[in-house]
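Next come two complexes built around chain A: one with chain B, the other with chain C.
After this line comes the complex of A and B, so read on.
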């Protein structure tokens, strides 16, 4: 087994053990962090590996979340098929976004993703009778059951989040060392060169958008089903910026980086809000310091200095 | 005498940038197995011409036939997959990746093998162009001449039918130029080579035939001796 695989499996085992060690408050946080980290990992596929900067990733999260949530609310689906519906909705939606948005590049691509995301947000508000708009809705505890497991139970919820996180993490380890993953990196580094090596760069970028959107959508669906609350705030612009911050802090183009960035941001906010209201200011200062002194993010620096093998 | 097949030809190939006729109505034939040099003064349209061949620039009009197939409408990556490899005039390697990763990216498309075999193949190629022992360096840290050699290794790694080299010896030392000439002689046993080159010694040492362009058109074509004696060519270079 390679060092990279050992390291990431080790990380999953440590996370599993933490559930039994950490106080309830922190293990509850960690469950939420793992789901948000999946959102950030999805973001990282596009931004960190394929070099595509999206400013509208909340749309993918929201499509997954509402895909699952509305299946429960409107069609009385059980949790497992609702999760599946959320994933299918995410695949189809990200395919559509990719086909349209990839006709643009650079700044135009950023604007297009931002606008699409805003359209999703406004659609959620517009269809207020179905979505209950700003207020959102709750998925009742009775529905949040899968094969006899109660997803609202903190321990079960923790392991459900860990399962999703582990699948995505190991999937990423495999992907970035596969031929496709290496072509994505090549596109990020020099798209024209990749094209002139005979790679269909457009098709690879479309794949990156679909995979990224689907992972982020899976995070949205899981968030709704695990924590029970669904609302339009998850489709708003600030929620699109969050995964960018997580990935920038943790290390773009590293597999574990998005998780590290999510932990960092989550606790930065948690700790600073206990002594000041201006917790976003603290986050901003941290980000400024990081971009000044560690532009590659936490895990990017670790890789550069100590662990060149880190994928 | 065995009939020589034509690997690549163009008919009426033109490219206009606004009012500028960068390439105008070019008919060109390249037989399989030949080393052909494409020369001409700066701005003669050489790079524009080969960029149309490999699909980086769409032609304004005309036709490109490669391996008996009309490829004019094919996107660049499809042409590369058919066997046209292009090395950039302005060095264009993946500068943040290692030298080995650069070559692996070129090799992995055609060479479906285990990571270890891919690695060995890439290191062997780097040895062939004279970059042995540099596999783990970051490509962007290489000296300019070595980046040129890396470009050539990436071209060879695709095992092309046609290798287009755009000013490959620019920035190489004299010793490196000599090894480059040896390398291309060796490569030409399996591959057709189209070479844009300013170094006339390299052209004379390598080319079986020379095509001369000026103002977007072909003004002469022939063996090195014929070209040396050609008055139109002398006029183009001397501005007479």
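After this line comes the complex of A and C, so read on.
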């Protein structure tokens, strides 16, 4: 087994152990962080590996969340099939977004993703009778059951979040070491050269958008089912910026980086908000410092200096 | 080679010391401090979920001040069950995701007895499921119909402020009898506006009137003139309930559109909470009517209770801060924090509350409440609490904009605000 695989499996084992060690407050936080880290990992596929900067990633999260949530609300679906519906909705939606948005590049791509995301947000508000608009709605505890496991139970929720996180993490380890992953990195570094070498860069970028959107959508569906509430704020612009911050801090183009960035940002806000209302200023200063002195993010620096084998 | 050597001996002295240092540092994090079960003299901890940042910041600032004022009065009078009240305030950024995290923090980190104080409906809906799972009583001060609609859970209650459904339906008799029966509604195109649209449409029809046009304004809109052109000519009353930073533009453009010949206008003060009514551009509102939960301006028949409440919170007879007349309060809503805290006090005393083990008893004690008399505990007026729906009902005020102030012209009965139960939370398990 390679060092990279050992490291990431080890990280999953440590996370599993932490459920039994951490105080309930922190294990609850960690469950939330793992789901958000899946969102960030999805973002990292596009930004960190394929070099596609999206400013509207909340749309994918929201499509997964509402795909699952509306399945429960409108069709009385159980949690597991609702989760599946959320993922299918994410695949189809990200395919559609990819087919349209990839007709643009650079700044235009950023603007198009931002606009698509805003359209999704406004659609949620527009269809208020179905979605309850900006207020959102609750998924009752009775529905949040899978194979006899109650997703509202802290331990079950933690391990459900860990399962999703582990699948995505190991999937990413496999992807970045695969031929497809290497082509994505080649596109990020020099798309013209990758195309000249005979790779279908457009198809690879479309794959990156679909995979990224699906992972983000899976995170959205999981978030709704694990924490019981669905809301339009998860489709707003600030929620699109969060995974960018997570990835920038943790290390773009590193598999574990999005998780590290999510932990960092979560606790930075959590701890600073206990001392000051200007917690976003604290986060901003931290971000500026990291950008100035650790431009590759936390795990990017770790890889550069101590662990070149880190994928 | 060096790195291989160090890797092969993971338990060397340096790594052990580093590990111990890491454990030491980690144990300094919040949450690792062991919690001692509260004794009878320990303060009662109330987790206050406050909108200090985000869209609800103006409301949050005054919810904070009102809460502190009420807690000071309660503590000066001996606290609750002889124990002082301690407020643990945490900003939720007016964000449902953070709101849920804050409720978790109250329950599992701070070991708060209850959570309290949330205003914005989407934050309540995002947070209430976690409150239910954590079995922590969650006293919201939101105005939303979400509690009484049955959407939430047994642990979530709204005993200190009336909900939008009761407020809106209580306006219809006055509007139909005094302003007109053909109403055009202008409202923001999201859930809050849709609630007004649906509840008022039904209520005005019962009064023999009808809504002849429903004009929804997209939340991102910044210019409104094109919407005014859609107002039917035979409109007798415009009902508006705009919120957000574009409200002043909305009023200014409405004034420019109608000039001196306008229909009657009725609105919810939510639009102008924390806004100085002497702001240039608002003169157009002279002679129009507003709903107010609590009168911003002291009325000619001001009671001793109102004087006491204003002095305690620190607002003058114009509803502004006594230290800064330009710092206008959210008077129509913030009284809900005051009254909710007194309901909590009464509930804890009735339940003989001693600690988190008595949380269910506290909920049951509040559910058992019915009438609440006007007084220092309830300065807005007497109330009727429905334990089944976890929602309180009370009088509503209609005020006229006169000389840059709001003068009360009508006060509804509590009966005007009642509607059939939509849920019975008492049948739900804890």
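Rule of thumb we're sticking to: the second predicted complex is superposed on the first by the 311 of 311 C-alpha atoms of A that agree within 3 Å, B and C clash if a C-alpha of one lies under 4 Å from a C-alpha of the other, contacts with A are read in each partner's own complex, and residues count from 1 in each chain.
One rule holds for everything that comes next: contacts are C-beta pairs under 8 Å (C-beta built on N, C-alpha and C of every residue); 3 or more make two chains touch, one makes a residue touch a chain.
Just so it is clear, the structure is predicted and the values come from calculations on it, not from any experiment.
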### Task
Would you check which partner chain A:136 touches, where first means chain B only, second means chain C only, and both and neither mean what they say?
second
### Message
Under the stated touch criterion, name the partner, chain B or chain C, that contacts more residues in chain A.
### Response
C
### Query
A:296 contacts which: chain B (first), chain C (second), both, neither?
neither
### Message
Quick check on the superposed pair: does A:24 touch chain B, chain C, both, or neither? Answer first, second, both or neither.
### Response
second
### Query
Taking the superposition as given, does A:152 touch the first partner, chain B, the second, chain C, both, or neither?
second
### Task
For A:231, select first, second, both or neither according to whether it touches chain B, chain C, the two together, or no partner.
second
### Task
Check chain A for residues that touch chain B in one structure and chain C in the other, and list them.
none
### Task
Quick one: which bits of chain A touch chain C in the complex? Just the residue numbers, please.
22-26, 28-29, 32, 122, 125-126, 128-129, 132-139, 141, 152, 227-229, 231-234, 239, 269-271, 273-274, 277, 279-280
### Message
For a test of understanding, state which residues of chain A touch chain B in their complex under the given definition.
### Response
177, 179, 182-183, 185-186, 189-190, 192-201
#### Entry: Of all residues in chain C, those that touch chain A in their complex
29-32, 52-53, 90-91, 95-98, 100-101, 104-105, 108-109, 121-122, 125-130, 132-133, 144, 146, 151-153, 189-192, 194, 218-220
### Message
List the residues on chain B that touch chain A in their complex, please.
### Response
54, 56, 75-77, 80-81, 86, 88, 92-97, 101, 104-106, 108-109, 115, 154, 158
